[in-house]
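Worksheet: one structure, shown below.
When the chains are written out, they are named A, B, C and D in that same order, and each has its own residue count from 1.
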Amino acid sequence: MIHVVDMTLLAFLALVAIAVTRMTNLFATSVLTGVYSLLMACIFTVLDAVDVAFTEAAVGAGISTVLFLATLSLTTQREKPQRSPNWKALCVALLTGGALVYGTFDMPHFGDPQAPVHQHVGPHYIGVSPTQIGVPNMVTSVLASYRGYDTLGETAVIFTACMAVLLLLQHEKRRDEQSTVEKKPDKEAMEHAIILRVQSKFFIPLILLFGLYVQFHGDFGPGGGFQAGVIFAAGIILYSLVNGLDKARQIIPPNVLHGLVAFGLLLYAGTGLASLFMDGNFLQYRALAEEATHGEHIGILLIELGVGITVATVMTSMFFSFSGRRRS
Amino acid sequence: MFIAAMIGVLITMLMALVRALSGPTVFDRILAVNMFGTKTVLFIAVLGFLSGRPEFLDLALVYVLINFIGTIAILKFVRFGKVETA
Amino acid sequence: MDLIVYYASWALLLCGAFLCAIGGLGILRLPDFYSRQHAAGITDTLGSAFVLIGLMLQSGFSLNAAKLVMILIFLILTSPVATHAIAQAARQSGLEPKVVAEEDEA
Amino acid sequence: MSDALGLYNYWIAIFLMMVGFYNVIASGNLVKKLIGLSIFQTSVFLLYITMGKVKDGTAPILGDGYDTFSNPLPHVLILTAIVVGIATTAVGLALVVRIQEHFGTIEEDELIAQEDSP
């Protein structure tokens, strides 16, 4: 049964991908990428990757759609129609695809437990993680402890990307300068949508609470810093969609926001350094407490918190800098 | 029994998808996408029971939240981004 | 007692799936945007609620049931608001409902 | 069922990859190119997650009565890759916004035409 579900969803996915390619209306395309991400997240759930599905749903259908739409509102909504399909490109794509398909004939079949992927590190992690780390969610233990260096690097990449976006979009041509000229009070806020405003008053605290749950429950079930950060950011984005950007900026001033971006990364690196000073190696959390698993727990908690803070603030400040920009 | 529910949800997803792909107005698409989102929530919930491990319902919660935020963002863009509605 | 709960959840799940499918058919076949909203309404509230309550009966009194209740609350909080906001946006952008039959008969 | 179509997931992944690839090289619009790029990206995610699945396995979270788990390693790699992916896409989108502001267009051929005739 699971196979049939998997195949159906994959067929839907292919359908959406073709539609995205054929459409020239960029707005509709962005909306469809949201569907695409939701479908992809469903497939990840079918394939047992619950943590990944969590992230893909939050990132792909939420943040990514919002960012694409923000870009479209600053640029154009319609692609220049092409007269015919680009045959040269089609040929290249078909040839590459054909070669890749030929390559798959030697691949291990779907779900084969004898596949090379399942022969080396994976089973080792599955075997020793419960006793060595003591965290039920193996994805968390691999993410935060065994491959802590990787995750530190990824967090640094997110930090760098945020800096790049801020550098590109922050200076000159901001809406603040324009709004002093033609001050329309809260034109951006959805004043007239009363039902939405009342509902969001109930709903946003729930989102933030759920974000905290995901952050601290990540050891035991699907969740963790990355997912919680995105959910938190989604809550703040909803607030600024409903109440206008200026109000959201009052609640979280950009200075605080940018400070927190750096703070999260520093918390992560600081945990690594702390374990270094307590007679361990860099990011070897077992040095943090008397008992090894207890130390691992503290370490994972701290670095997940660091990741969560960085991701949440990075996503929020990216959204702020996109939607804070005036259409030229 | 879960299989029947799963088939129902999948069929609904397909029909919403067709509407989302075919339009004709922007609002039809948004409506269909929103409906598709709620159906993915049901999908996750039913899938958990179907595969015998219904612990991952947190996922479905995220889907509800994100689906709502996505719809509101799209609508906001429709209102302030001067979208061609056809 | 167990048997009653079992059959009740059976019935609820089937009803939910059926309502979802009906709504899906409606969104595909109805003539214009405003009438399609009715179809979307059925699947988003009644259909979803039936399926979720059916699953709740299946899982008994447990954490899973609590999570399902949360999902249901969230769905009931969000989905009508979203549908309402879509209709409002469509109305304000000047999309007119299709009215054909009335004029012929009058 | 699973034997006859054991490679189906890979084929869909490749198909999606090629759709994304086609969008990146054939479309002249920079936003469309980025959408193609994100489709390409997700197809890679799909490939990895497919490889991590073990038959009759369950999600790699300990629980009573489960002893076959899917491989957690691809999950970790892809989990971080998704977030990094959106961060880099955002950089690309920021560049597109700046290009629009500077040149007034985001169509590739018009940009090239402007470059050629100063």
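Annotations
One rule holds in what follows: a residue touches a chain if its C-beta (ideal position, glycine included) is under 8 Å from a C-beta of that chain, and two chains touch if they have at least 3 such contacts.
Please read these numbers as outputs of a predicted model, since none were measured by experiment.
Ranked by the number of C-beta pairs in contact, the top chain pair here is A-D. Inter-chain spacing, taken between the CA centroids of chain B and chain D, is 21 Å. Here the CA centre of chain A is 13 Å from the CA centre of chain D.
If you average the CA atoms of chain C and of chain D, the two centres end up 32 Å from each other. Shared contact sites, meaning residues of chain D that touch two or more other chains, fall at 58-59, 61, 63. Those residues of chain C in touch with two or more other chains are numbered 74, 78, 81, 85. Along chain A, residues 50, 70, 72, 196, 203, 221-222 each make contact with two or more other chains. By the definition given earlier, chain contacts exist for A-B, A-C, A-D, B-C, B-D. If you check the complex, the residues on chain A that touch chain D are 3-4, 6-7, 10-11, 13-14, 17-18, 20-21, 26, 29-30, 33, 36-37, 40, 43-44, 47-52, 55-56, 59-60, 63-64, 67-68, 70-72, 74-76, 79-80, 82, 85-86, 89-90, 92-94, 96-97, 100-101, 104-105, 107, 109-113, 115, 117-118, 121-123, 125-126, 130, 136-139, 142-143, 147, 150-151, 154, 157-158, 161-162, 164-165, 168-169, 173, 220-222, 226, 230, 311, 314-315, 318, 321-322, 325, 328.
For chain A in complex with chain C, the touching residues are 192-193, 195-196, 199, 202-203, 206.
The touching residues of chain D, when paired with chain A in their complex, are 1-3, 5-12, 14-23, 25-29, 31-32, 34-36, 38-39, 42, 45-46, 49-63, 69-91, 93-98, 100-101, 105-107. Partner chain D is touched in their complex by these residues of chain B: 51, 53, 55-56.
On the side of chain C, the complex with chain B involves touching residues 9-10, 13-14, 16-18, 20-21, 23-25, 27-28, 33, 36-37, 40, 43-44, 47-48, 51-52, 54-55, 58-59, 64, 67-68, 70-71, 74-75, 78-79, 81-83, 85-86, 89-90, 92-95.
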